[in-house]
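Going by the order they are written in, the chains are A, B, C and D; count residues from 1 in each one.
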Amino acid sequence: MNLLIKSPLSARIGLCIVLFNIIVAIFAPLIAPYSETEVVGDVWEQMSGNSLLGTDHLGRDLMSRLIFGARNTIALAFITTMLSFLSGTTLGFVAAVKGGWIDNLFSRIIDIIMAFPTLIFALMILSVMGSSVMILIVTIAMLDSTRVYRLARAVAMDIEVMDFVEVARLRGEGLWWIMRREILPNAMPSLVAEFGLRFCFVFLFIASLSFLGLGLQPPLADWGGMVRENAGAITFGIFIPLIPAAAIAFLTVGVNLIVDWFLHLASGMHN
Amino acid sequence: MKPVIWLILRRAGFGFLTIIVISLIIFIGVELLPGDVAEAVLGQNATQETVEAFRKALKLELPPHVRYWVWLTDFVQGDFGRSLANGREVSGLIGWRFANTLFLALTTAAIAIPLSVMLGMMAAFYRNTLFDKVISITTLSFISFPEFFIAYILITLFSVQFNIFPSMANINESMTLVAKLHAVLLPALTLTCVVTAHMMRQTRAAIINVLASAYIEMAELKGIRRLRIIMRHAFPNSLSPVINVVALNLAYLIVGVVIVEVVFVYPGLGQLLVDSVSKRDIPVVQASGLIFAGAYISLNMMADILSMLANPRLRQSQTS
Amino acid sequence: MKSENLLQIRNLFIEGFYENQWNTIVDDISLDLKRGEVLGLIGESGAGKSTIGLAAMGYTRQGCRLASGSIKLDGMELFGASEEQLRSIRGEKIAYVAQSAAASFNPSHRIIHQYAEGPVQHGIMDYEQARKNAVKIYDRLFLPDPEKIGLKYPHELSGGQLQRAMVAMSMSCEPDIIVFDEPTTALDVTTQIEVLASVKEITEKMNKAALYITHDLAVVAQVAHRIMVLRNGGLVEEGETRRLIKKPKEKYTRDLLSVRTLSEDKNDEDKTDVILKVKDVYATYNGVDNVLEDINLTVRQGRTVALVGESGSGKSTLARVITGMLPATRGEISFLGQPLSPDLKHRDKNNLRRLQMIYQMPDTALNPKQTVRTVIGRPLDFYFGTRGKEAEKRIRDLLTRIELEPAKYIDRLTPELSGGEKQRICIARALAAEPDFIICDEVTSALDQLVAEGILALLQDLQREMNISYLFITHDLATVKAIADKIVIMLEGRIIEQGEKTEVLTPPHHAYTDKLLASVPVMDPDWLDNLLDKRASTFLS
Amino acid sequence: MTDRTRLEDLLKKNKISRRQFIAQTSALGLAAAVSPGLFAGTARASVPKKGGRFIIGCTGGSTTDSMDPASLTSNMNQNLNWQIRNNLIEIDHDFNPIPELAESWDSTPDAKKWSFKLRKGVEFHNGKTMTAEDVIFSINHHIGEESKSGAKGYLKNIESIKADGKYGVVFELSGGTADFPFIMGDYHLTICPSGTKGQEWEKGVGTGGYILKNWEPGVRAFTVRNPNYWKAGRAHFDEIETLSIVDTNARTNALKTDQINYMDRVELKTVHLMKRMPGINVTATTGTAHYTIPMLVNQTPYNDNNVRMALKLAVDREELLKQVLRGYGELGNDHPIAPVNRYYAKNLDQRRYDPDKAKFYMKKAGALDHTFNLHAADAAFPGAVDAAILMKEQAKKSGIDINVVREPDDGYWSNVWMKKEWCMCYWGGRPTADMMFSVAYADGAPWNDTKWSHKRFNELLIAARAELDTDKRRKMYGEMQEICRNDSGTIMPMYNQMVEASSDKLDHGPISGHMALDGMRNGERWWFK
């Protein structure tokens, strides 16, 4: 709370944007004028009283899909990012605290995974395992966690050299306490900042996957998928796909405004 | 041995080792891909009989470790084998496509790196001003769009509306360099939009980080002009993170541009790899996978080595 | 015709932005500086002395602003001057020597290029001319190989050399005034002399005016003609150096001048039990070069052993070896008569509990995300399983014991504490484990003089009460004199002399000990001159 | 523009002699139908002109493509195949077999033995003269143990192929096959020089109107006109560039910006917009292509015909046609025979959306609480996923619960089709009823994607195949269509039109519905105005 009061205007704007999106996502069924899949008109209708933002490529109400899309997009991205952070941070912290061969082993494995083109890696896994939401989440989380690992390890290394960690070691504390109570709270700002960035990348990544025919199961709406489905219209001067794209951009900018603030806090810790 | 050379050799050795491990993983991983080459290649035309015939023709029944050994030794000698799908030399399939991929990556890099480093420096110079914020939000918005969407917008604007650049970048060897550059400008611009934000933000952060150093204050107290401080004092010391982020983005440009290739009909390696994965064309997947991994690793290695050289502490350590 | 006062500051107020508002950090300061005069600014941290020094150059750090007053440099008003005007005087008319040369030299440029940058950029001379001047001044400041030293990178020079190179750099444009901002604070006592000599060379022989900023009265007494004592941004007292030292008017000044005598000598050495015995210990970081060689020492119950040496002498490494952070490669450590496993991982909880450590930087020794309650409560829980009300009571007791009011501090996050308070919390954390032996690693060197004395007094009290033994690592001989029972002197990873305090401090001593003792500034304005005269033949040639 | 009118055209311009004309028309079996007054010389409007570079943007090209006729899988190399090679017979836009490399053909009354007379003096691009040996080699390439050809299935009943002199080939079949000439028109069965093997296929030596100069699979192919092409009045372009453009928007943009002259698979969502664009012609051709939604009838609950009937009735074909095909197609009636087929059963009732009846049948089957997993990917056909979603919504009204499972495009044909219980599928169709039924509905057919087996249906199939009497065949095929409609495991909601777009600088005769890109022969049939 104290932090909030001291936060700069930009962070507050970001917070409002994110909160707005979350509220829309949670109350989607109450807000949306139509259901996610209902066909309400012709294809790519202009904005009208019937459908406030027009209709999509199947004649579904764009606004409703946008609202439900917020739900799917945010939930999916959130779960995926959480998962990647859980695994990436845990491994990164262990590597930093334990050091030695464990660190070397983990880091080399991560290096190797990172050496493969992400999209192609995902493509291979998804084409083999099928693109159910579960597999989608796990795959992206795994690919993402490599980058989280790197950051978590680097940040933890910085913290690990601090005397208070040595104090804990000298006290005889175990790995869990050191990771959870000594390192994690101090790594938080950097991790939160990265969380924001990763979070945004996840739905862009899903959009890329759906471009290649993988991605979220239709008829579920996700913003990236919506851009993809309607993208053909743009070359004919129909601006329907700009709307979900703008939604993505809006949320990304919002998240990044908060991220910037946290980065600022993170840098403050080192000074 | 001189320490810095030793460090570089050690780093290079590590890179080499990683590539070897990756070659093994690629081989095993691709071998484990479920689904049958024959079925995938024949697609809807696959019948029991045709599939059997296909398998036999390609000697798929040989044990994997024998094939790995043959593959690796051949690969080292530059023989990547033949495509299972159409029997062409893999090296012939990959060679010119890889050149194309590099061409696009370098064209993009030539635009994106100076642009983002410059923007990053300016944002750091004018930090927390309106200019800084506008650049930050603009670049952020660019990365918030899926890249195919940026591509479509650019095509709509520059090819369909104004007809300045072609919407297709299907370059071929009979074109002149200028014609090629003209053709790849739109895909290069698309990729620039994608990578600039990242590089610019990193540059800005690195420089701002350095600007907090005592030697920057010292330079100010020596009465040095601000621009010179940024260029001479801050930038050289923020090179290491900048080099790293540039390398990361170069690697992305080489290995991650499938979508841009599809949208612009660009004959690069990405499309080949995607097609080969879906058709289970194992030799092509293995070879291009290894080339991608190699590109990624050598770029990272070069970044590390350059960072070492950029740091006088390491560069000069042989004299002390 | 230049005005008599090179620098004239009148009624200066400077504000800093923190806790969401502008606060006064320099409060109504006026000063004058004449050509050839050195003015010392002295005070503890937060006294605003650096801020004043920078303000003299028309410069404020980020988050600060010049609020009101007047700063006239050679007749030119800096208040409200344009960036370009200010830029033109910085370096050229008034130069700056920073506390840490290691941080203030750009690591990626050669020394000479950084020297020449000022004059070339100001258009005073070309690079070749600047280089020639540099060689002259390097020579004058006794830098080795003045022709070539400029071609080196900052990391290739030692701390003392670098600091002198920075003094030389401040002279590159031949400014009228030089601001020395704690130029010797980061240095060992022996190197401090070299830099002080350089400062003296510049100010006296080259007749430059200077502001000399420091927290150490003994140091400033050697170079300054006049001294201003500052506290909390305001002026406490101002006076001619000799007068101020002899007859300080204010109590605060007297406190700063007071000599520390804390411990009574205990010469009943043999009568108490040996707590810690280090025998023939060797240690290495890279497996090849020994950083510690042949270390032997004992610590007895209720006694304080001071481990003295310059930076890099291996004293902190020895602490790491004793705690098991860096397992010894050879030799044996026994604790309370039992051999102690060299590696921390193999030590039992009881041994870990009985051997505690307190660190130099209380800022980094306390997790900024924990409250005082957690910091002190954790060892209680960890070692004794004390939780809930009992723990609460114990924490409050400990806070009371370290002279901090429990109700006020128990729920604070550690960054909300001052340096001295933090160090007290660190002590409480060590006490919570009910240890027999505490390693104190430079526990006072990051603290202001008066605060440090408070901490030392507290440690003494605790020792008397609880019969705790200390291994007291320090580079500050004054502290050693104040609290040690036994002194161990280290140089380059070896112990070169050890014994009872009186024994070590009384001549004849080892040559290095002698140099070390001689280098500690004394509150006597003539001390430096005498020392330099004495050493002239050996040191300065 | 038919071959006849084309010949008439040439005659008028004195490009061929009267004697040549008669020879050619009689070869076509058209002599009786010569336009009255032709020899008097009637003027015609559009005349094929030679010249220009024709640039085609194709879907489906893949880097794994090969020019081996045994493995032609994409539009790109199928089209290229007919730029550079010829078959024994050609299937014209009216679905008639017309002579190509074979001048004429004949069969025994039981349709078990077919003899083809080859055209003389036709040269391959490498200068070699085409003879019976080459024909036998080319057909045999698709037969036998080692063959991995997609045409292998059609050729199963060939017992022997023999040369009858240098310019005659005789096929002996194990069973009567009235439609055998159509089989010889299949795109796989192009004639290549005898002895071609391995990488030599990629050189693309054939007898066709264009010579392959450059071929990079999945990227581009480049051909130039064969200067001594034997077929008169065909192959008008100087050169053809065939580009693989997988992304629909990229194709559209390329056409709009004049970088290509022709594109296949126009995105139906944007057809109406495309039509408005100046300089672009959109053509929509109904052919044999259709969408199916096969269920594996050997699995519960699909083994119950009530379930199949219920699902057939629960589909609103009109809406699918409108939404997925944007009207570019025709309603399907749950059997695969297209209206363009001469045996199409016109008298069968059109199946309509009837939620109540669907519910009735489903209730009867006791499967109302079953969740029907419908597997879909756009690899099946563009809009397949959308269609599945629409079906889900439509079936809701009957209380039927459909769960759409989106599958990856990659590997769809090997992992989903014929493996999952109910999925989306596409058939290009076959020019004859026999081929269509044999390939996917006959008992034990390798591509019988429903595992459906109907005794009466299978008997009729054999009988009709050997029946040379048209009326009897019509009756048999009619009955088979009805059986298929009411019992088979396939929902056939609609025939899709092939919607393609081209620059209005191009001209052409009537467009064939046989395959996309004007029966894959736009290279030799089209010309620049």
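Basically, a contact is a pair of C-beta atoms (placed from the backbone, for glycine too) under 8 Å apart; a residue touches a chain by one contact, two chains touch by 3 or more.
This one's a predicted model, so the numbers in the text were calculated from it and none came from an experiment.
Centroid distances from chain B, each centroid being the mean of CA atoms, peak for C.
For the interfaces B-D and B-C, the C-beta contact count is higher for B-D. For the pair chain B and chain D, the distance between mean C-alpha positions equals 41 Å.
Centre-to-centre spacing of chain B and chain C amounts to 49 Å, using the average Cα coordinate of each chain. If you average the Cα atoms of chain A and of chain B, the two centres end up 23 Å apart. Centroids of chain A and chain D (each the mean of its C-alpha atoms) stand 46 Å apart.
Chain contacts: chain A has residues 123, 127, 212, 231, 235 touching two or more partner chains.
For chain D, the set of residues that touch two or more other chains comprises 249, 253, 256, 409-411.
For chain B, residues that reach two or more other chains under the stated contact definition are 35, 152, 155, 160, 262, 277-278.
If you draw each protein chain as a dot and join the dots that touch, the picture is not a line, a loop, a star, or fully joined; it has some other shape. For chain C in complex with chain B, the residues that touch the partner chain are 54, 57, 59, 61, 87-92, 95-96, 98, 100, 103-109, 117-118, 121-122, 153, 155-156, 169.
Note for the complex: chain A touches chain D at residues 37-39, 43-44, 57-59, 123, 126-127, 130-131, 212-214, 217-219, 231-233, 235-236, 238. Contact residues on chain B toward chain A in their complex (touch as defined above): 18, 21-22, 25, 29, 33-35, 133, 136-137, 140-141, 143-149, 152-153, 155-156, 160, 205, 209, 212, 255-256, 258-259, 262, 270, 273-274, 277-278, 289, 292-293, 296-297.
Touching chain A in their complex are the following residues of chain C: 20, 323-325, 344, 347, 349, 352, 355-357, 359, 361, 364-370, 378-379, 382-383, 429, 433. Chain D meets chain A in the complex at residues 248-249, 252-253, 256, 267, 269-270, 273-274, 323, 326, 377-379, 385-386, 389-390, 392-393, 404-411.
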